[in-house]
Amino acid sequence: MKLSGVMPPITTPFQDGKLASDKLKSNFQKWDKTGLSGYLVLGSNGEAVYLNEKERIKTVEISRESIPTSKIMLVGTGMESTEETIRFTNQAAKMGADGALVGTPSYFKGSMKPQILYDHFIAVAESSQIGILIYNVPQFTGINLEPGWVAKLSEHSNIIGIKDSSGNIGQLSEVIYLSQKGFAVFVGSAPVFFPALCVGAAGGILAVANLLPQECVRIQNLFEEKKFDEARLSQGRLTPLANAVTTKHGIGGLKMAMDLAGYFGGDPRAPLKRPGPEVEEELKKLLQSLNQDNT
Amino acid sequence: MKLSGVMPPITTPFQDGKLASDKLKSNFQKWDKTGLSGYLVLGSNGEAVYLNEKERIKTVEISRESIPTSKIMLVGTGMESTEETIRFTNQAAKMGADGALVGTPSYFKGSMKPQILYDHFIAVAESSQIGILIYNVPQFTGINLEPGWVAKLSEHSNIIGIKDSSGNIGQLSEVIYLSQKGFAVFVGSAPVFFPALCVGAAGGILAVANLLPQECVRIQNLFEEKKFDEARLSQGRLTPLANAVTTKHGIGGLKMAMDLAGYFGGDPRAPLKRPGPEVEEELKKLLQSLNQDNT
Amino acid sequence: MKLSGVMPPITTPFQDGKLASDKLKSNFQKWDKTGLSGYLVLGSNGEAVYLNEKERIKTVEISRESIPTSKIMLVGTGMESTEETIRFTNQAAKMGADGALVGTPSYFKGSMKPQILYDHFIAVAESSQIGILIYNVPQFTGINLEPGWVAKLSEHSNIIGIKDSSGNIGQLSEVIYLSQKGFAVFVGSAPVFFPALCVGAAGGILAVANLLPQECVRIQNLFEEKKFDEARLSQGRLTPLANAVTTKHGIGGLKMAMDLAGYFGGDPRAPLKRPGPEVEEELKKLLQSLNQDNT
Amino acid sequence: MKLSGVMPPITTPFQDGKLASDKLKSNFQKWDKTGLSGYLVLGSNGEAVYLNEKERIKTVEISRESIPTSKIMLVGTGMESTEETIRFTNQAAKMGADGALVGTPSYFKGSMKPQILYDHFIAVAESSQIGILIYNVPQFTGINLEPGWVAKLSEHSNIIGIKDSSGNIGQLSEVIYLSQKGFAVFVGSAPVFFPALCVGAAGGILAVANLLPQECVRIQNLFEEKKFDEARLSQGRLTPLANAVTTKHGIGGLKMAMDLAGYFGGDPRAPLKRPGPEVEEELKKLLQSLNQDNT
């Protein structure tokens, strides 16, 4: 199974505050018909931090049943402690995950020196029954893993890739240049998907792919066909919506946009909120203008 | 019970990676003989983020058994989701906590606008069976709750205080000036304990009080006796060690210093580590110089 | 001449875009009747970065003529290059400055390592005919000089003090504890004037003292008479206006407030602007409420 | 004259602390034989903030004499005040500059709201006799001009381009997508030169082009010949040195590397310093390894 292409970090649907299994299944039915190469379950956009253990397990179970074996299933398994991370990673492995995405622990920011993080990832990789991908997301964690350290980690046979959501293309570029051949570098920020591909990224794990999988896949296809001007234009058209459903309006905005695009989004869990009608109006317009551009 | 004075955010002792109940009890025996007004259980320094639910409950149980009713027992109960925070706060209440310390949710930093945080704290306060204190610690969370919003929250009868660990005395000063009378403002940063008292803080929840409770209590006593020059001098002497066991060497350093000072510190959980021998040497010197100053 | 007390970093008055010498003189006539201990000429609030060499010299000349010898005249002389700083410092000395305030060079932030800054200040101190004070203002420069380095610099006989505008009382406290006896530490942030005095500051160089010199002096007087509760209350009342005329509305707001308080403020230079009528309304209300509190 | 291609922000050579005109001329003789499209005189790397007015004028004069009319001469003319910026911009125009690079004023960071900056640039553009380019360099100024505001400014006929040194390719990408056709977007950070070209940049104003003009020009040539893999590889090889002569070792490192590469670098002005022998060793190795790669 080649680690590449476009994957959405899937949202977790709730109804009346409870995990809505059927809604998740119906989303998968739609996603599976697109060119997505796989899925990230229990990522940030999956509100993993708002799920208890039972709900996390249920979500992985449903996902495993819904995802065809021809597509990749990554599961977010990073916890603050090394031991818990190992435990949950192997639980995900047992449940059929193809790989685990492990975030940098970050609560004690001041103590998370590079060597501490290095040792953490090596310890997890040593004990994990599946390959792990590093998850670098400084805007949430306040911690950035430098390219030199990523390159070192890429030498471990069980550390098979990274999702870098910093949006920093210079950094991504260095990670790719310095890391071992075959190390799968995914960009986690849709507004820089096209330039990430230019510098050699294997693909993107993109929030906006929850609602516009084809638009994301199209950028990668155009890139691979060397139609750079078209790819760049597609990127330019996608960016305003990509910004709106992440940085600007958060997961509430992402779920609202999914509802508008024909998927089930629903409400996020408190303290997050569904945005108001002005944001709905804004998202509608962004979707319409994107559709017009595409025709 | 008056919310004031010096409280340590107690560390959680581990032996061979397991919660060491007897060590916690023996620490309490020593602490209880000092002038500490109470304790914060399951705070940041208690490595709460590294404990599973069972361990958190066990820690609260032992603490409740060990803490005399004449002293305050606060429990850290903040989780990322509002619902889980309410659930665990009421569990702590049932187990005998006098108050709950509730941190600002912070994972989705960009979405944690003031109104979202306000609604979160009000929701918790409405459903909590015990009074809650806000925990503001921007260096860990990347989020700062402004004095105006704290003042608004102080109007709720079940929001009884705040622990502000920003180290920002201007902010603390405004919080005290703007908040309701009787709202208990604790400073969470030992190097500014004396100036915090000057601007009207009720007390301090101070990591260094884990190992030097009397030195912290002494500063507050001197302040209340209006011996300001002596209080300032005591503060000046305490500051280097206070910096060393928090900002500089983290919880590993705090636990090591506890061992040197006659308490049980032990090792933190991975990915945190016990510092090496040079740090031990540094901490020894700081402790010695503090003892010499005091004689 | 003892370096202590309250000094305003005086604003530079313009009329029709030109330096308005008579307005500056009339401001001095009013200020000189108050309890101010001295003045800082060509500070940040003096829009020094918007003045050409001729205007800077003219401003110092008028100030020297207007300031009685019983009061301190400090002049801001820091430039980006070491050589220019020395040149202008000695020019200020020749024109009668009692001391020079020298900011940290900051344009090439990444290169301004502590040792580089240390060498810069030592070079200036060695060549200056008057004593120099360090000016630490991280919110403008992006650079913070740590207490340990300030303490080292305080050993040089020609480095006689510091203005620290970081607003960080923990840092101020350490600077005072670690520096040589007699080293004059001024706080440069009015909202923490009272706590700064508590930790041992010699005085304050405060923007709001441009329009409310007596209110600032009163806080220090109350502090010295050990009337701490009153001092704290006075501080609490002053803070909202102090925030408004610096952080919130900048020099345009400061000058507008001076106009409202009976001094000549006038317009700042472009790109700065005089704020609109809503800010004027806000400032009026803050001034009124302060006057009511004082009666 | 088409605004595109590779330009170095030329360093200003000093000997015994004085401007070394002959060294500047001899550097130009070498540069002029390369594929550089032009030059930026008095940029950040030209230590413009360390030059007095006379020296700035002299530097422009020598440059004008040395630069063939077939190549572009941009001059950095941004000052803190709007009036001074206009004055110096027109002086540069009179001396033969083809365009002026105008940085965002930044001393009063808190007051530099987008509208203030917009008005500043419009005022300069209205009064300037030559076209101006915006200079956005948040790492020095602490201020970032958002793509939406750049796009608005691009509508003014006398605002002809931007140098964006943020290193943020997402931002550069949006600037290009949103701005008027023909608006010349230069990237100011060599490690992202190749991805900048991919998203549509017209060229690069790159510090490392002071010593390795051909290596920079080569990347753009390969890009234009659609040899993307080779371009990406050339970029990967250039990046370590590009980082070393800017972020890591500053202008002192840049000048040292120029000396090693056959140009005149010399010493920077104090407080900047020439780095020590270990840095020289590091730079030599980086240059050697680059030369080996190229053969």
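As written, the chains take the letters A, B, C and D, and residue 1 is the first residue of each chain.
Methods note: a contact is a pair of C-beta atoms (placed from the backbone, for glycine too) under 8 Å apart; a residue touches a chain by one contact, two chains touch by 3 or more.
Keep in mind that this is a model prediction, so the values were computed, not measured.
For the pair chain C and chain D, there is no chain touching both partners. In this assembly, the chain whose C-alpha centre lies farthest from chain D is B.
The centroid of the Cα atoms in chain B and the matching centroid in chain C are 36 Å apart.
Centre-to-centre, using mean CA coordinates, chain A is 50 Å away from chain C.
Residues of chain C in contact with at least two other chains: none.
If you draw each protein chain as a dot and join the dots that touch, you get one closed loop, with every dot joined to exactly two others. The list of touching chain pairs reads A-B, A-D, B-C, C-D. Contacts from chain D toward chain A in the complex involve residues 167-170, 173-174, 177, 189, 191-192, 194-195, 198-200, 226, 228, 232, 235-236, 239. Taken in their complex, chain D has these residues touching chain C: 17, 44, 49-50, 52, 80-84, 105, 107-112, 116-117, 119-120, 123, 139-140, 142, 247, 250-252, 269-273.
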